[in-house]
Amino acid sequence: MSPRSLILDTLARLLYPMMLLAAVVILLRGHNEPGGGFIGGMVAVSATALLAVARGTDGALRALPLPPLPLAAGGVLLGLLSGVPALLLGHGYMTHLWATLPLGFTEFAVSTVLLFDIGVFFAVWGALGGLCAEAIGLDEEAGA
Amino acid sequence: MNALLATVVVTGTLLALALAMARLLRGPSQADRVVALDVVFSASVAMAAAAALATGRVLFLDVAVGLAVVGFVAAIVWARLIDKSPEDPR
Amino acid sequence: MSWVFALALFAAIAAGVFLALSRNLLRCVIGVSIVGSAINLYLFAAGRLGATAPPLVPAGTERLLEGAANPLPQALVLTAIVIGFALTCFSLVLALAIKQRTGSADTDTLRHAEPPEGADGKPTPLNDRED
Amino acid sequence: MPPDPNKLHADHHHAGAASRLGWLALIPLSVFALALGQLGREADALAFVVPWIPSLGIDLAFRLDGLSLLFVLLISGIGTMVLIYAGGYMAGMAQRERLFALLLLFMVAMLGCTTSDNLLLLFGFWELTSLTSFLLVGFKHEYESARKSAQQALMVTAGGGLVLLAGFILLGQAAGTYTISELVTNAEAWRDDPLVKPALICLFVGAFTKSAQLPFHFWLPNAMAAPTPVSAYLHSATMVKLGVYLLARLDPAFDGVAMWHDVLVTIGAITAAWSMLLTLRERDLKRILAWSTVSALGTLVMLIGLPDGDAAAAVAAFLLTHALYKAPLFFVAGNIDHCTGTRNIDHLAGLARAMPWTAAAAALAAVSMAGMPFSLGFVAKELIKISKSEAGVFAWVSYSGVFVNVIAVAVASVAAIRVFWHRGGAPVPEEIREAGWAMRLPPVLIAALGLVFGLWTGLLDPLLGAAAQAIHPALTTMPASLGLEDTEALQAIALAVLLGIVVFVLWDRIHHLLERLMQPLDRLGAQAWYGRLLLAIPALAGILTRALQSGRLSRYTLLCLGFVIAPVALALALPGAFALPAMQAPSLALVGASALLIVASIAACLVRDAFVMLLVSGFVGLGSALAFLFLQAPDLAFTQFAVEVAFVVVIASILLRLRHLGLSAHDDSPALPRAVVAFATAGVLTALLLAATAGPLDSTVPDTLAALSVPEAHGRNVVNVILVDFRAVDTLGEIAVVALAFAGTLPLFALLRRRKEKAA
Amino acid sequence: MDAFLLIAPVIVPLGTALLTALLAARPRAAQALSLLGAIALLGCALALTVRVIRDGTLRGSFGGWDAPFGIEFAADPLGASMVLITALMGVACLLFQRSDADPAPERPTLHPLIHALLAGVGGAFATADIFNLYVWFEVMLLASLGLLALGLGRRHLDATLKYFVLNALGTLLFLAGIAGLYGLTGHLNFAALEIAGAGVEPARLLPAAALVALAFLVKAGGFPLFAWLPASYHTLPAPVLALFAGLLTKVGVYAVLRLVGDVFDLDAVAYALLGWIAVATMVAGVLGAAFHWDIRRILAFHIVSQIGYMLLGIALHSPVATVGTVFYILHHIIVKANLFLIAAMVWRLTGSYDLRHIGGLWKTRPWLGVLFLIPALSLVGIPPLSGFWAKFIVVREALAQGQAWWAAAALLVGFLTLYSMMKIWFEAFWKKHPQAAWTPPTGTRLGPAWAATLGLAALTLAIGLYPEPLYRFAERAALMMAGAP
Amino acid sequence: MKLLTVFSLLLRFLLEVAKSGLATAWLILRPGVRPTPGLVRMRYAGLSDTGVALLGCMITLTPGTTVIDIDNQRRELLIHLLDDSDPAAVVANVRRSFETPLRRLFPAGDQA
Amino acid sequence: MTMLGFVLAGAGVLLLVIAALGLFLLPDALSRQHAATKSGTLALGLLLIGAALVAGDPGWWIRVALILVFLLLTLPVASHLLARAAARHAYTREQLREARDPEIDR
């Protein structure tokens, strides 16, 4: 049998962006519907795991926006920093600030809450995605 | 009607789950078990649908969507495990 | 609360503890993980069961529906699930590293940090230059 | 076998020039001069208080009354001599700077101790003396025997110190103050407090350990491992008298308390006599002197126990007398040791010609020690006798006093006659010469002082009178120069001298006899018990530690869970603790989820294959997810499902490597204890939950959060709003945990990869 | 400003951890940033403490959601001082890390893990919410596990496993206890729990509160739940070990104190039981120390033993006893961390931690001996060092309450502590080095180690010589817990 | 044109899925007789990688058949049949329903 | 419409049970895999469409469509990989290499 699966390779290429899209949608909907940064992050983690199976650990890690540890750290940092603007304005830490962006046809509510949730998303994706990919990489040559 | 259908779905799904569980425990090969796992995931999606039916709240279906998006990864990784395992564990 | 749910909690905790008490490395680690899952349910149940609606405010209103679930334990459990999972991941990798590094999966023979005493009944000096 | 540390000096025989460090003696000398200037002044004029820890009632309170002044003069006076002596003795020796530093530190501690007017301040200095003594006794620390002696000295004195602390605390509680002068003045007010008895017991232990009273007497002769200046200073003249000082200091407070008098007289008298008996078993000159020091301390303790003013005068006089003869005798022993390399009296004879100055000092001191007329010793002994007869104590105390005097004469003779004048045994080697001036001057000077005071007793009246008055405030006149014309006293002295000479002559025979008789008893002695304690500590430690810290994880876990669960079970068993919530009929789906949980749980315990176990364990999570789904928790179900997938990914990857390493999930150790603890834990926790949910829940918090969710936090998913807004700090911690878990595993992954490369 | 000071114990170290993680590719910059972050934390903690001393307890809830609805941090004197000492330990240990006395391997995750540990500890000390406390416990746990495993040797992995299993179970029991408390009261905030708990029948409250307290005892290393501590600590590199030794168990003690000394008033039987646990902890710990020959293991067991004293203070359950406990915690953090650091210097000079293989230091390095004596004697409780006052307050209170056995045990354990310290002194300092040719190595880089240890020793001395301010401070902390405004 | 092909492919695919789904169910429930499974190879030509992968997916999605391997060198699919009684018909059905339309959508040269 | 939905969903449930039964009635892992994955997917499809009809909520349709799309995309991967893994253990290398080609053999 061929060492790699063409079906997996092909579909992974298709599924990875779809899953990431789903992850982002879940992230953005989270404030009002089931979902949120963590669940979205977990979906992204699954995507990374899929890619790790299809292309190997390094391939999966390369597909992350940053290397996993900086991604995770950056996510937590984003979460941490999302509470800081409030401090500067003299409110308690993590007091969330809201603003609406008029987009012409509709308006979009932006807030530090969203920033926080995005931080959660990246933290989970970076950390657990990295972990899953590394774990999958453990046996890459072990059978040989 | 919704509630009735939900009950039907739950009953059938639980039956399927029980069967899958039994196969999972009996094996005999790893592949058998992972196949059973796949049924479990399908059953879970059905359960989410049943929950949506039972409560009449579509948001439970979001859980089913999520499951459909991620569930197969588990099966893939298990399959890969079996594929690479040194010998049949029978 | 219902009896069958209480029984399920009981079974999951008991199984987790039983496994965690095992000498087998893998059972031990998985046992802790199972206890974690069980305690998540436990915390959830502390916020009372028997709700008839999820804790989401229906669109266009500002209030939860009558009989909606208690959202607080749900949020707490969500946090606990994530934390528990992080711990489980760490412990599984640790177990693998131990098995690979020491060749043993019996925690009772895993005595590298606390080696058995020497013939004189005094503690064996630790080998600090092992690696 | 390490060489005898006592022979260390033989290597330094060249010492002729004194070390320049001897000039440090100017420090105590100036203290002495200052103290001398205070003679005759009112005690309260010499007090000063600086608030230190007012919250605890502890001040830096110092007070210089007669008793303190006597001690200060002793400490600084003898201290001056000791430092001069040490300048000669330590010349050319390694680490002598440390010895001087420690001696000076010790001196500070002693001065502090004897001038403190606060119990805890006193205690601080008290412990400092123990500590410096420890370092000084172990000065020759490369020898194991020196270390052992130091250990013994510290264990006994510091151990006693801890008990003393308890005593001080109790005393402070009874009296309502830690200020000593206040406490003594108000004694009537608190003397009958029930805390006084336990406080007294603790005080006794503290004082007796420091002053080497039975049964803590054994450490002092062993402390002779210290260099001679140290022995002379700490272990005869000053530190060992701290216990006596403390008892004397508190004596007025306990006047009339039966326990006080009984215990002190009994223990003091027995110690005095018993240690004199032990003197006869020794061959080492310093140890002989040490036992006689113990005896003198016993006498002092006994005297303090006597109720009247005569005894107080006797205490003061004997304190001074003993210091003035015992310090020179130690110097003498040091000189002999220094010049001949031995202190064993079997190897010493006829040294008088080689060491005339030393011999003279020995003779002068011995006269006082034997209590000969016209010596200070005579005065002291006379006062002792008077006080005893006044007090009308038990006859055996008097007899023991006679015995003590007899042996004192014999010991004095050994030190002054046998060693210097006795001919026979080995001839004196030619090269032995008198030590340098620094080692000659102090013994001669101090011993001569004893003679001076013996001749002109009146000189001491201001000093001893004030001291006695401090011990016994009712005392008004100093009877120091009384008993000289008492013929009865002369007869008693004559008897003691006569018998003492007999003992001196028969010394060797008595020695052998005692050795034979007493050796079997050694097993029962305090020294033997100390040895047993020293062995018992590690033995007991071994037993306990092997049980608790077995190195076996499964035992740790068993013990840990068992111990946490048992008290909770007890608490649940108390009346009113347990209650059942209203039970509802579950939905079919919940039954199914529960059943899945139960089956998965049982299966996880029973299966042997690692693969199946891991798969099944995942089902516990899956069961939870299904339960969440039907308990109106979509977010939780969602999360749990997602986590389950990731869990499977991780375990599947791990498992593959584990299979290559040959892992099983098999455990054939006995299941019963595990099962018992598992069921107990699960049962107790479940019962706890049932009880906790039996009543209605105060839902103010979630209700408020839900009400705020849309209008204030702009989110309809209350769970998510709680996570990212109401309790965002939780979530911040949570994602930190997740990131940390990854950071923690990175090195492990690196390890696993590295090994793989190595294997390849 | 107050809002920042309140959260600073968490965000400053956590931010440092994250930035050092992002700087992983540039180790020197990460090192510098790490020390800088610790110093910044110290500054914030100082400011916080000063603020609390001046104006009393500082409370603040996050997100603008007031307690009991949101999460609240409360810096009362107790919490603020704990944060301060945490920051101080961070600086000392990172300073020590710059020496060559058994430093931790400079792996990219070292500094992030250290600062995350500080963040966890800081959060645990600052929070006034029981579930939030659980979260910080977990942050601490994961950071500790990462640090334990960092060595990658067999003994490190073994230690990590034991630490993991027992601590994870402890945390889960804590979580179960939280569930119980929540189920009974509906609250998580300490102040709200205090009020709500008073409304619950004592018999109903006791099991859940006991479960939480016992779970904290696992973290604190109480008898017989301490096995994880001596099983793992000695495998750590010195600076990290000092950090662990100083801080981690004390978080457990602090939590017990908060729970049963502040939030809940339990049945007298519960305090009596705690008292006997404390006694058993003291004795078991000190005997474990007497059994061992590795300095680190001896000291690790002494942690357990000293925890007993702190628990005793809690068991005595009075404002004065609380003063003793607070005093004890602060004293012990400084002293125990210092002892481990000095042990590492001994290791550097003699080549081993095992007392049977070393010696000769008093002759060659007397000042190290003097340095060692300060914390060692403080640990024993020799006046006027800090440990004496701590022990004195506790023993005095025990006697005042008529608990003679507890006081006796406390004194006896002091005696046995002396025995242990003497053992170290004899073997490492007084005894000749077993290798006749041994001389202390040259070219060591011990400057930072001296700076760190001397600083801590000076602190011990300062507290010992003038304990009044600290006593006053602890007294205020205790009174505030007893309900004073 | 392409859109039409896609549409018809999709329809045919769904039909196949439904048809063979029922067939499989019957295969499972059919009393007494157990189906004998087997392996067959099927060559393919004129398909890009994506096309082959899609072909594999479709075959796999159809109950009763699963692609086990795609050998790019030998240009062969290895298929597992649940019921090995008439392999030729299965292969023919695949070619007719899936391969032909896919070849039109993903011709071989496309991948460059 | 509701009736149709009910029938469809009922059929889906039935098929799901049959798929699970297949785990027992089929002879080996490779065959069971067919039942589990393919029949399972079909069952889900029927069930979801039927349920959407019954629920009559427009929100259902978009979600059901999403689920089905994902199932159709992911199922072949899972099924194929499972079968591949199972085949590696069920057949020898030779058997896999030399499987017959009905178009040639005929």
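A, B, C, D, E, F and G label the chains in the order they appear, each numbered from 1.
The rule is short, and it goes like this: a residue touches a chain if its C-beta (ideal position, glycine included) is under 8 Å from a C-beta of that chain, and two chains touch if they have at least 3 such contacts.
Here is each chain with its UniProt name: A = Multicomponent Na+:H+ antiporter subunit B; B = Multicomponent Na+:H+ antiporter subunit F; C = Multicomponent Na+:H+ antiporter subunit C; D = Multicomponent Na+:H+ antiporter subunit A; E = Multicomponent Na+:H+ antiporter subunit D; F = Multisubunit Na+/H+ antiporter MnhE subunit; G = Multicomponent Na+:H+ antiporter subunit G.
Keep in mind that what you see is a predicted model, and the values were worked out from it rather than measured.
Hopping across touching chains, the smallest step count from subunit C to subunit F is 2.
Of the two chain pairs considered here, A-G and C-E, the higher C-beta contact count falls to C-E.
Ranked by separation of Cα centres from subunit A, the top chain is D. Note on chain placement: the centre of subunit F and the centre of subunit G lie 14 Å apart, centres being C-alpha means. Per-chain Cα centroids separate subunit A from subunit B by 25 Å. Subunit C and subunit G have CA centres that are 34 Å apart.
Of all residues in subunit E, those touching 2 or more other chains are 7, 14, 17, 21, 62-63, 108-109, 112, 131, 135, 138, 142, 145, 149, 152, 161-162, 165, 169, 176, 179-180, 182-183, 230-231, 291-292, listed in ascending order.
The set of subunit C residues touching two or more other chains comprises 20, 25, 28, 42, 45-48, 52-54, 56, 59, 76, 78-79, 82-83, 85-87, 89-90, 93-97, 101, 107, 110-111, 113-114.
Looking at subunit G, residues 19, 21, 28, 30, 33, 41, 70, 73-77, 80-81, 84, 88, 96 sit in touch with two or more other chains. All chain pairs in contact, by the document's touch criterion: A-B, A-C, A-D, A-E, A-F, A-G, B-C, B-D, B-G, C-D, C-E, D-E, F-G. Listed in rising order, the residues of subunit E touching subunit A in the complex are 3-4, 6-7, 11, 14-15, 17-19, 21-22, 24, 60-64, 108-109, 112. Across the interface of their complex, subunit G is touched by residues 1, 5, 7-8, 11-12, 14-15, 18 of subunit A. By the touch rule above, subunit A contacts subunit D in their complex via residues 30-39, 42-43, 45-46, 49, 68-69, 72-73, 75-76, 79-80, 83, 93-94, 96, 98, 109, 111, 113, 116-117, 119-120, 123-124, 126-128, 130-132, 134-139, 141-144. Subunit C makes touch with subunit B in their complex at residues 52-54, 56. Looking at the complex, you find that subunit D touches subunit A at residues 634-635, 638-639, 642-643, 645-646, 649-650, 653-654, 656-657, 660, 713-717, 720-721, 723-725, 728-729, 731-732, 735-736, 738-739, 741-743, 745-746, 749, 752-753, 756, 760.
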